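The structure is given below, and queries will be raised subsequently.
For clarity, chains are labelled A, B, C and D in written order, and residue numbers in each chain start from 1.
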Amino acid sequence: MTETRTFTDMEQIITTSSRLMDGDKLYFTAIGGPPLVAVLLAKRLRAPELAYIVEDGTIAPQVSLPAPPFLIAASGASYRAAAWADMNTVSFHAGLGYIDYGVLAAVQVDEYGNFNSTFVGPAYERPARRFGGPGGANEIASLCWRTILMTRQQGRKFVKKLDFMSSPGFLDGSAGARERAGLPADTGPWRVVTEMAVFDFDEETRRIRLKALAPWATVDDVIAEMEFEPMIGPSLESIEVPSEEELSVLRAEVDTTGRTVRGCWITVELDGENARLVEQETSAEGA
Amino acid sequence: MTETRTFTDMEQIITTSSRLMDGDKLYFTAIGGPPLVAVLLAKRLRAPELAYIVEDGTIAPQVSLPAPPFLIAASGASYRAAAWADMNTVSFHAGLGYIDYGVLAAVQVDEYGNFNSTFVGPAYERPARRFGGPGGANEIASLCWRTILMTRQQGRKFVKKLDFMSSPGFLDGSAGARERAGLPADTGPWRVVTEMAVFDFDEETRRIRLKALAPWATVDDVIAEMEFEPMIGPSLESIEVPSEEELSVLRAEVDTTGRTVRGCWITVELDGENARLVEQETSAEGA
Amino acid sequence: MTVVAEGTGAFLAPDPDAHRRYIRDHKEKGLVSKVMSEHEAIERFVEDGDYVAYDCNLWVRGPAALMREIIRQKKRELWIAAKFTAHDATMLVAAGCVNRIDVGWMEVGRVITEAQLEGRVELHEWSNGAMTYRLLAGSLGLPFLPLRYLGGTDVFNTSGTKLIDDPYSGKPICVVPALNPDVGLVHVNQCDEFGNARVFGAGISPVETAMAAKKVILSTEEIIDSDELRRHPQQTRIPYYAVDAVVHAPFGGYPGTVPGLYKADIEHLMESGAAQMQGKMDEYLEKWVFSVSSHEEMLGTHVGQEKLDVLKAEETIKEGYYE
Amino acid sequence: MTVVAEGTGAFLAPDPDAHRRYIRDHKEKGLVSKVMSEHEAIERFVEDGDYVAYDCNLWVRGPAALMREIIRQKKRELWIAAKFTAHDATMLVAAGCVNRIDVGWMEVGRVITEAQLEGRVELHEWSNGAMTYRLLAGSLGLPFLPLRYLGGTDVFNTSGTKLIDDPYSGKPICVVPALNPDVGLVHVNQCDEFGNARVFGAGISPVETAMAAKKVILSTEEIIDSDELRRHPQQTRIPYYAVDAVVHAPFGGYPGTVPGLYKADIEHLMESGAAQMQGKMDEYLEKWVFSVSSHEEMLGTHVGQEKLDVLKAEETIKEGYYE
C-alpha cells in the first residue's frame, strides 16, 4: 500500500528541525522565517511547553494559532509572553548560558559550520547579491550552547570558502579556536538541516559530518550538492518526510500565507519506511 | 531692634546648602540625611520645580510635606516621581553628564575636597570608629559635574590627611589628577558648607578656600576648627542665619522627627545684617 | 593596553567626555514643554552629516513619521544605525539622505545594492546585537564594552571591534566602541509634554537609543498629562531630561504597527516592496512624502480615516498594552 | 593587556565560562513549580562558604524572612554583598554566619566593629554603585566592566579595581570585576509558581541580583496565577528560568516596608538598634529568629495580626504599586 506525498524543500527542513526540539530546553530564534516556524511547529505538535526567546526581547510567548499573517509585525507574536524585554536583555540571558539552542537560517555554510548571511560576490564593497546582514545570528551562534542551522542542500550553499563569515561555527576548526576569538567555551554548531540531510560535527576535527538522510536521497545525492566532501557518520539515520499532520499544521496554522514554507516541490511515494522520489522541482527562484 | 534666634549647627548647614540650589538644575543625593533634607527645603521654599535623583533609583519625586517620619523607608519618598528606576540606571544618568550637582555629607574632608565616610582610626582593619562606608558618595562625587559637601566645622573633620579616602575631591590637587585616575573631565567638589562657613576651591591650586562666613564667626574661628589653613577668598561673603520661615519649614514639614537636623544649639542676636553669638553649645554628641 | 587584534572598519569614535559636555551645555534640566511640530523638531535637531539612530523600524513602533520628515527636509550625508530595520534604510538611501550605514539587519533590495555599487553609500557590518550593545555602552556613559561575540568572524575584521586580554583572567575577549549618535528617534506610546515617556511591549532598544543620543526626538501616539504620568512612575522608561522634542503623531508608526493600538498596513508594505522591485521608489517617495507637507496631511490624503479605523479595529490584542 | 594600576583587595574572581556551565547544568528550563518552604529553599540552595547577595535590605522590600532563615539554619562563613544594607549585616555577623563583607553602605555599630577588630569578619570596601555595577557585569555574562569612578581613592587601592588604558582613546579608565554570587535573594511583590516575578517601585538592583547569581531564591508577598501574570508581560522583571525557589512569604520584608503594601515597623527597628547598643543582640536573635520555627510563626507569635493590620492600613499610598 503506497501513498504519494508532496511538500516543499523548506517544509522538510522545518519539520526535520522541529523534531530536534524538546519541551524542557530553551531556544533562541530570529524574529521570523524558518527558525521561528520550526519552533512554532514543535510547540504545536509535540512540545506545547517549549519556551523560546526572540531577538526583539520577547520571552516565552504563547502565540495563538492560526498565526496572524504577517507575524513579524504582529502583536500576536509576543502574545502572553512570560516577559517583554528588549534586544540587549535577551542576549544577556544567552550570554549567561541560559539558552540551550539557537535556531538560524544561513545563506552559505562552510565545512566548520561558519555561515554567511551578508552577501555573495567578489568583495564586501561589490556584492553580486547583498542580503540583510548578520542580524541576530552572530550573537545567537556565539552565545547559545548549540546552534541548529537551516539551509537548502545546494552546492552554492555548502561552500569551501564563504564569501563573508557573518557568524561563527568552529572557525578554522582548530581546538579552542572559538575560545581564542573571545567566544564562550564549549559552544558551537550542533546540527545543519537541509531537505535531504542532517549533519552534525565530528568532535575531533570539528568538520561537518553527514548524520541522517532523507529516504529518497543517497549519500551521493547529498555530496553532489556540496562544494566540499563532508565526513560520513558511522551509521546514517533516516529522516522521515513530513507527516500529513505536520504539513497540515504548518500550512493551515503556522504559516498560513505560505511566505516561509514556499520552495521547490518534492513528491515522494511512501511504502512503509521507504520512500521513492517521484519528482523534485529545481528552481533558482525556490532558493 | 534686635531679635534672638536659636538653631542647630545642622540647621545652618542645611539652610545654607539649600540656598545654593536652583530649580533648573538636577541634583543627586544619597537616600537620606542632610543632603536630602536640604533639597526638600529648597524645593519647598524657593524652587518647587527642582528635580533630584536618589541613589535608590527614584527620579524627580514630589514628596508631599510634611514628610513621613522615617522617610528613608517610606513610599512617600518616591511619591509621584517622574520615573522609578534602579541604582545602576541613575548612576548612568550621572555618568552621561545629566546631573549638575551631587549633594553629600562627609565625616572627614581634606584640603582638596577629598572625603571620608568609611572609618577613623589607625588602619582599615583596626578602626577606632567605623562608619557605613562610601555608600553612593564615590560615584556621586565622581560623576556629577559639581559636588556640594556638608559637614561640621571641627578640627577632626577638616584634616590634613584623611584616615581613608572614600570619595574623590581633587585628589592630590595636581592638574588633571581626576582625569588620570579615570574620572570624567571637568568634575569635582564645588562647595563645602559648614555651620560657620562656605568654602569653594581655588581654580589653580584646587585647594579649599574660604568664601563666606557666618555673621557671628571670624576667619580665626573657622581656622581654629581646621587642621590645616585654608586659602582665603578675595572678598568674603556673609552667610545668613536660618530665617524663621526656614526653621519652621525644616522642623514642622521636612524633618518632623528631628533625626537629621539635631545637633549643637547656636543662639545669635540679630541686628539688621549683623549677628552676635550669644551661645554655642559644644558637644561631642552633636557630631 | 595591549590590543591582540582589531578590525579595520570605520566607526563613529566614542568620546564620553565630549558627550558629557554636550549634555551639560545643551540639555534642559527644568520642566519645560518640548512639544513641537515634526517639521520644527527635524529642522532644529537633525543636521546634515549627523549620525542618526532610530528605534525600532517601520514594521513595529518605528518613528516612521519622523523619518519621512527627514526625507521631506532633504537632510544629507546621514550615517544611520540599521539595527533591525526594514525598508526604512531603503527609503532614506533612495531619497539621497544617507551615505553611511552600520548594518545589523536591514531589508536590502536593488536600491541599497545599486547605491553601494555606485559608491553612494558605504556599509559597515556589525550585527543587531552589536549595534544595540554599542548603544547600550553609549547610554552607560562608557567608551567601550566587552562582549562575547563578533570574534573570529569577518564582522570582527571589517568593524571597529578589538580583541584584548581580559585584565582579570588574561583570556581573550572582544570589546566594541560605544555609540553616541547625534540624533536618537524613538516612537513611543505615551509621554508628557516634558518628554517622560512610556513604551509598551517588547522592543529593540528604545531606552538605549534615547539615552545614548545627543539629541532626542520622540514622536508619540498620545501626549498625556504629567500628573497622570506620575501616578505610574514605573512605566516611565525615558526621563524628561534626555528629551529635546516631543512630536504628537498619532499613527506615527504607520505603515508599521504599534502593538495594542493599530495593525501594520500590509497593503502599504507591499506597495513599497513593489516600488523597489519596479524601480519606482521616486514615485513612492513623491506620493508618501513629498506631495504632502506633514504626517497628518499624509494620513488624511493618502490613507484616509476609513483605513485608519480598520487598522485600529483589527488590532484586537490590547492585553499587556492598554489593559 | 597592560594594567596601569590595581588595587590589592580580595574579591570573588569572575569566571563567566564556569558560571555558564553552572547555569547549563543546574537550571530548569521547563515550566516546573518551584514553590517550597523557606526552610527547604535555604537548606537546598545556601551552603556554608557561599557568596550571598540580597536585594534590597531590611528597610525596603528586603528578603528579611529568608535572611532570618539563614540565621536559623546557622549557615557559616558566608561572604555578603553589603550594598545599601541596614541592620541585616549586623544580624548576620552577630549570629556568626558571615566572615567576609563587601561594603557599599551598611549600618555599622559595635557588633560589626568588634567582629572586625577580633578578626571574625573581614571587610572589603567598594561603594553602593560599584557593588550593584559588579552585579550588573555578572548579569551581562561578562568578566568585567569599565566604570568611571573609584579611581584615585583608597577604595581603588583596597579593592579589586584596576586602571587600564581605554583601547579606543588610550585614556585611563577603571575596570571592576563582575560579581556572580553563589546565591541571590530577592523579595518580590508577585510571582507565579515558576518564578516569573514582578517588583514594584524604585529599587536597588533586584534584576541584577537575580540574573547574576548562580542560585536564586525569591520570597514573594503573593503567588499569582501564571496565566494572569502573562496578561502583563512587561511587568515581569525576572524570568522563571533564572529562579530556583519560590517562597510564599506575606510580610516577608518585615520589619521593613514593602511600598504600597505595608509600612516599616519602626518600633521593631528601634528595638533592634537598642539591642545592639545594649549588647543584647543574642536576646534579639533568640526572640525573633531562634524561638520560632518559621517566618509565619514569628509573625503570629511576636508581631500579631493586630500590628500587621495597622502596618497595612498605615500604608496609604497604593498609587503606582497596586493601582
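Rule of thumb we're sticking to: contacts are C-beta pairs under 8 Å (C-beta built on N, C-alpha and C of every residue); 3 or more make two chains touch, one makes a residue touch a chain.
The structure presented is a predicted model; accordingly, all values stated were derived computationally and were not measured.
A.B. asks: Please tell me the distance, in whole Å, between the geometric centres of chain A and chain B computed from their C-alpha atoms.
C.D. replies: 61
A.B. asks: List the centre-to-centre spacing of chain A and chain C in whole Å, with centres computed as mean CA coordinates.
C.D. replies: Centre-to-centre distance between chain A and chain C: 29 Å.
A.B. asks: How many angstrom between the C-alpha centroids of chain D and chain C?
C.D. replies: So the centre of chain C lies 37 Å away from the centre of chain D.
A.B. asks: So the centre of each chain is just the mean of its C-alpha atoms; given that, what is the distance between chain A and chain D in Å?
C.D. replies: 41
A.B. asks: List, in ascending order, every residue of chain C touching at least 2 other chains.
C.D. replies: Within chain C, the residues that touch at least two other chains are 16, 141-142, 148, 171, 173, 201-202, 231, 233-234, 319-320.
A.B. asks: Identify all positions of chain B at which a residue touches two or more other chains, and write them in rising order.
C.D. replies: 58, 78, 80-81, 84, 95, 143, 184
A.B. asks: Think of each chain as a node with edges to the chains it touches; is that a line, ring, star, complete or other?
C.D. replies: Here the contact pattern is something else, fitting no line, ring, star or complete shape.
A.B. asks: Go ahead and list every pair of chains that touch.
C.D. replies: Applying the touch rule to all chain pairs gives A-C, A-D, B-C, B-D, C-D.
A.B. asks: Residue numbers of chain B touching chain D in their complex, please.
C.D. replies: Residue positions touching the partner: 31, 54-58, 69-70, 72-76, 78-81, 84-88, 91, 95, 114, 118, 124-127, 129-139, 142-143, 162, 164-168, 171, 177-184.
A.B. asks: Using the touch definition from the top, list the residues of chain C that touch chain A in their complex.
C.D. replies: 56, 59-60, 82-84, 103-108, 112-113, 116-117, 123, 125-130, 132-133, 136, 148-156, 158, 163, 171-174, 201-208, 256-257, 259-260, 263-264, 266, 269, 315, 317, 319-321
A.B. asks: Spell out the residues on chain D that touch chain A in their complex, using ranges where they run on.
C.D. replies: Listed in rising order, the residues are 16-17, 19-24, 27-31, 139-142, 194, 196, 211, 227, 229-231, 233-234, 236-237, 239-242.
A.B. asks: How about chain D: which of its residues touch chain C in the complex?
C.D. replies: Touching chain C: residues 1-3, 13-16, 141-148, 162, 164-171, 173, 175, 177, 200-202, 231-234, 319-320 of chain D.
A.B. asks: Can you tell me which positions in chain A touch chain D when the two form their complex?
C.D. replies: Within the complex, chain A contacts chain D at residues 23-26, 49, 51, 58-62, 78, 80-84, 92-98, 100, 143, 145, 184-186.
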